[in-house]
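Each of the next two complexes has chain A plus one other chain: chain B in the first, chain C in the second.
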Partner chain A sequence: MKILCLIRQVPDAEARVKAKNGLVDLEGATLALDGMDEYGVEQALRINTDGANTVAVALGGARFEDAIRRALAMGLERAIHVESSEHLDVVTQAKILAKIVQEEQPDLVFCGGQHADSDSQALGAALAEALNWNQITWTTALEIENSSVKATHDVDDGKEQLELELPLVITTQQGLNEPRYPTLPNIMKAKKKEIRKASLADYGVAGGKVRVVKQEIQDKQRLNKLIDGKDPTAAAEELIKLLHVEAKVI
Partner chain B sequence: MTITALTPVSRSELDGVHLEFRSVLRAFVRDQVLPIVDESEKSKSFPKQLWSKLAGLGVLGIGLPEHAGGTGEADSVAMMIFAEELSKASGGIAITPIASSYLGGPYLAKFGTPSQQKTYLEPMIAGKMVAAIAITEPGAGSDVAGISSVARKVDGGYLINGSKIFITNGGIADWLIVAAKTDPAERHKGISQFIVLPSDAGFGVGRPLEKLGWHSSDTRELRFDDCFVPDDRLVGEVGRGFYQIASAFQTERLVLCGMALGHAQVCLDLSLEYAKQRMAFGHTIGKFQAIRHQLAQMAIDLKTSRLLALDAAQKLDANAHDSLSVVSMAKYHCCRVANTIADHAMQVFGGMGYLEETRIALHFRDARILRIGGGTDEIMLEVVAKQMGL
Partner chain C sequence: MFDYFKILENLKPEERDIHTMVREFVDAEIIPQVGDWWDEGTLPRNLTTKMGELGILGPTTPEEYGGSGVSSTAYGLICYELERGDSGIRSTASVQGSLVMYPIYAYGSEEQKKKYLPELAAGRMVGCFGLTESDGGSDPGAMRTRATKDGTDYVLNGSKMWITNSPIADIAVVWAKDDDGIIRGFIVPTDTRGFSAPKIKNKMSLRASVTGEIVLEDVRVPASSLLPGSKGLKSPLGCLTQARYGIAWGALGALESVLSTTLEYTKSRTTFGKPIAGRQLVQHKLVTMATQHSLGLMMAYHLGQNKDAGTMNYAQVSMAKRNNVRVALEGARMARELHGGNGITTEYPIIRHMLNLETVDTYEGTHDIHTLIVGRDLTGLNALE
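Up next, the complex of A and B:
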């Protein structure tokens, strides 16, 4: 079975992100392979245990290469990197990725269920639409037999079991598996694996349809509310009221 | 004409493979090790569940033979990175696999027979066996040639008598490389090494020794009372033990440099973060010259340690003519700096640093042994002085 894994490079969960000239500035920030994409890479390697016929596909700036190397070090066979630092909306991304899927003819495409940076969940759906393929979203369990796929995915009040035929776009969710750590020998081997570079022009795309006008970092400030503690009962009542009515945490 | 002596073998930055390796280890330590440090330190035992995970990462066989499951080629930089990242969580946790793979492992890798490598080294790299080395004795630490344990030749093997002390992994090891005199009349030329198993009759393990630091690490006294070891468990050649030990020292010292860098880096990182948010007299304490200069000094000391350690690692792997001297310089410098930085960190944190919850206390006590183990500061200075022709 041939499997494509869409991967993205995002700020590490502990990275400190700053804004510069009205846009998020990632220079100097620690970046990492999106954790949701790691589930897809791991699942691909559990299906094709020797890594054969598994391809990482990335669409992003030059620094995406670190994420690509991580996916290759985990065990994927090779990679395709469409290099562009432009902001591309999800629909435009899906059009480019659909062309790669048509070139590569995989049976299965894994896509992260939600982007760690933008929180978008749209890419998998947009790609399935562009390909006119079926999709399974938020997948937490997966079983493949011949061309039949049985999957479990989370819904608000429980789980849903689905059974569909390949080809499919499957988006991942925490719980699908526990991604492996690359070993030192595999990190070394990844350096020699093929990364085919391409540009937006190769796919007939000049740019995205959405322009980012301004980004800002949410400024978190403490309210510094002090409760007079002379009367403990009144203080407790006031605290409960603030937590319930204002903070809405209880 | 080739001027090999002047060919640079050192780079001052990590390459892509090592950066990626470090990034993987950081994620591993954050997710798998840091959450269990408290429990491990309190129970004074190494978390056993880490063995299979460490083996899965391939970090129990760096530079050890490929046919036994190792990475093959010597890679002291990778070994140091492993030591550094694990020590950022706990020195006691770090030293346990380090003592097994990088203190014990190299003897069988270099001098072991194919059968010894298959029986002992391979399961160790796979995380299924733990190793230890037993050299130090109550009467002989730095003076390795002065050990008094004796291995007397008997039919089919040797009878070992004597005792060892401060043996890391002594109570948890599945095999130990024990040094004993096969010729008690000789000093350097009289030592041989043997694989001893805990099940060997005449082998005894004392109670766990209480220590200032390295609480997650097992340290024991060992006794040998007519402990019989068959001929096929001799490691290397009879009478060559001292030289075998000396050849493995350089690796051990570099790994200890890595541990020192880990303690120093985490102390600096925590201090910097604290100095930027702790308020006193209306300012963050990092704005006060007394504190900011201290932090700057810590950063400079750490940078010089890192450069020296990286230089030493690359020189050792390249078998450079001055590697013995540079490794000794690095061991001395890095381990002293780790202690100085841990001390400064305690000062920056004030009372908070003295509490267990900030982790400064753990690094403060764990760093201290590094100036003693694997060759004391004083021995390192002696090696450097000797290499200077003194």
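Up next, the complex of A and C:
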């Protein structure tokens, strides 16, 4: 089976991001492969355990190379990097990526469920639309038999199980797997793997349709919610509910 | 990483990737648990296997023998990150890579290299290094352990002290004087009759690392156990140069840990209505720690560049080990002071690093011995003997 993994480079979860002249300034920030994309890379390597026929596809600036090397060091076979530092809206990105999918003819495309930097969840859906393929979003479990895919994915009120035929776009969700560390021998081997470079012009695109006017850092205010502790059981239940439903941390 | 002078930007991409991977591993798999291991005085055996699976044991060893042939700078960064977790864990990796795999690679036969190096690199086999004896580690040439030729075999007798990993090791690289009084190295499987390795108990330092003796009572090994290329004191000392190189990087990892913990602590701890980090005396200590870390890192970085270029000499290694461990120890003591009472509990990593560094300052050549090695190199006059 041939698998494409879309990957992005985003600020590390602990990176301090600042705004400069009305735009986010990533100078000096630690960047890393988006954790949601990493689930896709890991899943591809669990399907094709020797890494054969697995391709990382990245659309972004020169600094994306770190994320590409990470995906190759985890075990993907080769990479395609469409290098552009322009801001591209998701629909334009999907058009370019769809052309790569048509060139490569994979059976499966993995895409991170949500971008760690912009919080956008649209890329997988936009790509499926551009390809006119089926998609499974927020996937937490996956089983493939011949051309049939059984998947469990998150929906608003719980989980849903689906059975679909390949080809598919699958977007990832936390819990799909536990990504591996790139081992040191694989880091060294990744140096020799192919990274094919391309430009927007190669895909007939001049730029995006959305222009970023201004970005600012959001200051999160504390909610200062107090729970009445007279009934400890009820208080604990309320706390768990708030942490689960509102804060979404458990 | 605390990298005030942006040393990391000079690294090759794969060196940065190796550093990132090991840092993530230490954050996820070591730091959350090492305090408990230290308190209990244990180190899980499977940690060595995990390090082997990641390929960080003896990583400079060529690929054909199970290593990855990485640069010395990458090896230094691995030591840095492991010791940011705990000096005992870095010690385990140092012993395996620099003191067991290195002598087998440098002085061993092709058969020995093929038999042992891949197993050691994968962490399936644990090794230890028996040089120091109880009469004093600073004068290894005065060792009493003997290897007597008997037919085609050697019979080893003697004892070794302060041996990292000896109670859990599968093989020991043992140094002994032959019938001509020449120091030779032997690979001794620890299940050989007459070999025992009692554990040293009640350590208040490097508790997340197993230390023992080696007792050799008529231990008979075939001639094929001899490391054929080993001859004279320079052979074990060559191994120590490798290990000391890793320590010069590693100690700075411990210094980063105490510095970053102290920065957080002093910014949140208030006295008289103000964080103590806003006090001049506190800032002086923080700046001293940060400056010493930066100076030490520049020295370690250049040492690595020289090592890979083949221009490093042992006196440079002595200077870097001597300086970087001492500034880390002094930094840990300052951090301990700034943490007040919290600095004496293992709830914080401070006292653990401080006590560990007391050992690191002593082993692999004491601070004073390195002073005399560098002193001899500078003056041409030997104050060691």
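Definition applied: the second predicted complex is superposed on the first by the 218 of 250 C-alpha atoms of A that agree within 3 Å, B and C clash if a C-alpha of one lies under 4 Å from a C-alpha of the other, contacts with A are read in each partner's own complex, and residues count from 1 in each chain.
Simple rule for what comes next: contacts are C-beta pairs under 8 Å (C-beta built on N, C-alpha and C of every residue); 3 or more make two chains touch, one makes a residue touch a chain.
Computed from a predicted model, the values in this text were never measured in an experiment.
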Overlaying on chain A: chain B and chain C, fit or clash? clash
Does chain B (first) or chain C (second) touch A:211, or do both, or does neither? neither
Based on the superposed arrangement, let me know which partner A:192 touches: chain B (first), chain C (second), both, or neither? neither
Looking at the overlay, does A:248 come into contact with chain B only (first), chain C only (second), both, or neither? neither
Quick check for you: in the superposed arrangement, does A:69 touch first (chain B), second (chain C), both or neither? both
With the two structures laid over each other on chain A, which partner does A:230 touch: chain B (first), chain C (second), both, or neither? neither
One more residue to check, A:222. First (chain B), second (chain C), both or neither? neither
Chain B and chain C contact sites that coincide on chain A, given as residue numbers: 32, 66, 69-70, 73, 181-188, 190-191
Seen from chain B, its contact residues with chain A in the complex are 16-17, 20-21, 23-24, 27-28, 56-59, 62, 71, 75, 78
Can you tell me which positions in chain A touch chain C when the two form their complex? 32, 65-66, 69-70, 73, 181-188, 190-191
Considering the complex alone, what residue numbers of chain A touch chain B? 32, 66, 69-70, 73, 180-188, 190-191
Name, in rising order, each residue of chain C that touches chain A in their complex. 13-14, 16-18, 20-21, 24-25, 53-56, 59, 63, 68-70
